[in-house]
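Here the chain labels run A, B, C, D, E and F in written order, and each chain numbers its own residues starting at 1.
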Amino acid sequence: MKFAIQVNEGPYQHQASDSAYQFTKAALEKGHECFRVFFYHDGVLNGTRLTTPPQDDRNIVNNWVELAEKYDLDLVVCVAAAQRRGIVDEGEAERNGKDATNIAPRFRISGLGQLIEAAIQCDKLVVFGD
Amino acid sequence: MSDKKQFMFLNRRAPYGTIYAWESLEVVLIAAAFEQAVSLAFIDDGVYQLVTGQDTTGIGMKNFSPTYKTLGDYEVRHMYVDKDSLEARGLSVDDLVVVPWEDWETEETVDNIVEVVDSAKLAELLEESDVVFSF
Amino acid sequence: MSDLHTVNKSPFEKNSLDTCLRLSKAGSSILLYEDGVYAALAGTSASEKITGALADRKVYVLEPDFRARGLKADRLIEGVEMVDYAGFVDLVDACSKVQAWV
Amino acid sequence: MSDLHTVNKSPFEKNSLDTCLRLSKAGSSILLYEDGVYAALAGTSASEKITGALADRKVYVLEPDFRARGLKADRLIEGVEMVDYAGFVDLVDACSKVQAWV
Amino acid sequence: MSDKKQFMFLNRRAPYGTIYAWESLEVVLIAAAFEQAVSLAFIDDGVYQLVTGQDTTGIGMKNFSPTYKTLGDYEVRHMYVDKDSLEARGLSVDDLVVVPWEDWETEETVDNIVEVVDSAKLAELLEESDVVFSF
Amino acid sequence: MKFAIQVNEGPYQHQASDSAYQFTKAALEKGHECFRVFFYHDGVLNGTRLTTPPQDDRNIVNNWVELAEKYDLDLVVCVAAAQRRGIVDEGEAERNGKDATNIAPRFRISGLGQLIEAAIQCDKLVVFGD
């Protein structure tokens, strides 16, 4: 199965990010192909490298990064949603006159077309949200 | 076999209280460029998205509701409204926006693609879709 | 002085209004705002909740939120009063405390 | 092949399960996860919703979410099946598509 | 007149699905240092916070439920559980955590400060509080 | 009246930030005193300077900053919630080994005690959330 994941909520506030991560991990471990994880709405907040969760709790951002490294996952943050919520890479910082970036490694910022493309290319779209 | 997919966008949230309605609309506008068969379903509080006369001046938020009227120009062919949701809220189709549609090639026109459907029909339409987007 | 209860959720989507009505006392006030304003409309499956509450509580609706959603004053349940943000402030000022049913 | 419906909201707090049950067809499957797992318990004011659905649909509950919340298998409504994340993946694999009632 | 305020923390969300339960608990722990009169109310899905036997190993999240047992040590004097919410969920007090309390000065002890109360009593308690915290 | 505000949700995703801002502004314009605005849970995301909302929409972060400048408002971001969600000032960056900051001007990061203190000091606490 070739699948795409959509994540609509940020880490910690809702379980959606955790569920999406656990599902994606389980699917990859079963040998399925994950075409793309698309972060939309507050989901874009999964893509910041500035979090420091409590030591005795899971680190959701790092979980995504490690999964991406292991399986060469495509982690895409929606640009319009990211602009509203302050997720910035080098290019966005330059375009919008921001003096810092906060995007995590392995995440990339791109357009909504990436979600539509994923839905066209994949057998299944699985949405996690509030 | 066509490689067009049947896309269904599920709208179940009221506007303004959360951003889902607006950001869902942004996806629909982008989907137009990919030449898929795009339908929208308005269920539960999602039916409130289509209510006419929205005026956000008092809350300082952008009024994105005029965009719904133009969806016919964005390759959206069907906007289904859940009958039960509408009735529970004391609304009728007269309270909702009118969305005209025209096929530029065939010159086929539809006065209003907003259509009230019952649960059985809606369940059918959801099942017939290839992809359901939830926000 | 009595309490002000605030409800910002649609009565069709969440149970916040139900719990607010069950746990607010006679003589208290209820302010409906954000998606909570939908509860203030007559002729819906939720209208009876507010008409019931009006028997012994005051009910207000935040007009800027009401108008944003395209709702019309002539659909308002009789007895529900409109306030703007300044009126919201006055309600908070006048109450003994606020209970937010978020 | 039929659809998989996913519900992650408590039946006591939100209307997601109600709408899912109203708009899912006979023969489809429903997966309860996150706070949706509370709907899988017998002896609650929401139990009838699931027992009703079981007449013509399959209902699954995600065990990791069920156990996280301290719920016991002996309280599960008869006929509801437990799955883990791998089982969730299998359900997605086997269905024709997923309808998420977020 | 004492300048202690009666604080009431309103808990209406299930644990894990959202973070409100946990972060609300963090506020309660901090409040102890300010020597106010602290009570907690568990209403709606908030009653699920107190269910025993929570085991989060399968979801990779921290199990914060053991903290509830210790709240008596954090100046929390009352934990009220809404009877209607409990019954609707098919739960009884036997399904919930036991929280002992002891006054170190007077040596007064209470076996369990978790108390099931009906709507009328709860409405009374909410009204008698000076500040209600909602999460 | 001396009041305190608690904001539980981030900007844009929920209306809570907007409502809190409009209420605070109206109260200040009426001559009331706002002791503190405390940002908790996802509310801490109001305190990033990296947002670039669409030009034709309101800028919620800037709204707070301008209100703070006009009325010398105390805008406090909860440190524990901020760490989970990646809101960082100079001190936090140093403590947690982060290579960037994103906190907006006029916001400060502090502990939950600031919420309790506000509740003790004020006549009214008004909570805005989901």
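Keep this in mind: a residue touches a chain if its C-beta (ideal position, glycine included) is under 8 Å from a C-beta of that chain, and two chains touch if they have at least 3 such contacts.
The model shown is predicted, which means the values in this text are computed figures rather than measured ones.
**Student:** Check every other chain and keep only those touching both subunit D and subunit F; list them.
**Tutor:** A, B, C, E
**Student:** Could you name all chains that are in contact with subunit A and with subunit B at the same time?
**Tutor:** The shared contacts of subunit A and subunit B, listed by label, come to D, F.
**Student:** Starting at subunit A, figure out the least number of steps needed to reach subunit E through touching chains.
**Tutor:** 1
**Student:** For the chain pairs B-F and C-F, which is connected through the larger number of C-beta pairs in contact?
**Tutor:** C-F
**Student:** Which chain's centre, taken as the mean of its Cα atoms, is farthest from the centre of subunit A?
**Tutor:** Greatest centre separation from subunit A goes to chain C.
**Student:** Let me check something: if the centre of a chain is the mean of its CA atoms, which chain is farthest from subunit F?
**Tutor:** D
**Student:** Distance-wise, how many Å sit between the C-alpha centres of subunit E and subunit F, to the nearest whole number?
**Tutor:** Each chain reduced to its C-alpha mean, subunit E and subunit F end up 27 Å apart.
**Student:** Taking the mean of the CA coordinates per chain, how far is subunit A from subunit D in Å?
**Tutor:** Taking the average C-alpha coordinate of subunit A and of subunit D, the gap between them is 26 Å.
**Student:** Specify, in ascending order, the residues of subunit C that touch 2 or more different other chains.
**Tutor:** 8, 12-13, 15, 34-35, 64-65, 84, 97-98, 100, 102 - these are the residues of subunit C that touch more than one other chain.
**Student:** Could you tell me which residues belong to subunit F and also touch two or more other chains?
**Tutor:** 8, 12-13, 15, 22, 41, 54, 80, 84, 125, 127, 129
**Student:** Which positions in subunit B are in touch with at least two other chains?
**Tutor:** In subunit B, residues 16-19, 44, 59, 61, 131-132, 134-135 touch at least two other chains, as defined above.
**Student:** Which of the chains touch, listed as pairs?
**Tutor:** The set of touching chain pairs is A-B, A-D, A-E, A-F, B-C, B-D, B-F, C-D, C-E, C-F, D-E, E-F.
**Student:** Please name which positions on subunit F make contact with subunit B in the complex.
**Tutor:** On the subunit F side, the touching residues are 12-15, 18, 22, 54, 56-58, 63.
**Student:** Which of the residues in subunit D come into contact with subunit E in the complex?
**Tutor:** 8-10, 12-13, 34-35, 38, 41-47, 63-65, 67-72, 75, 84
**Student:** Given the complex with subunit B, which residues does subunit A contribute to the contact?
**Tutor:** Result: residues 6, 8, 40-41, 80-81, 84, 111-113, 115-117, 119-120, 125, 127, 129 of subunit A touch subunit B.
**Student:** Could you list, by residue number, the parts of subunit A that touch subunit D in their complex?
**Tutor:** Residues of subunit A touching subunit D: 1, 3, 8, 15-16, 19, 22-23, 25-27, 29-30, 32, 124-130.
**Student:** Can you list the subunit D residues touching subunit C in their complex?
**Tutor:** Going by the criterion above, the answer is residues 12-15.
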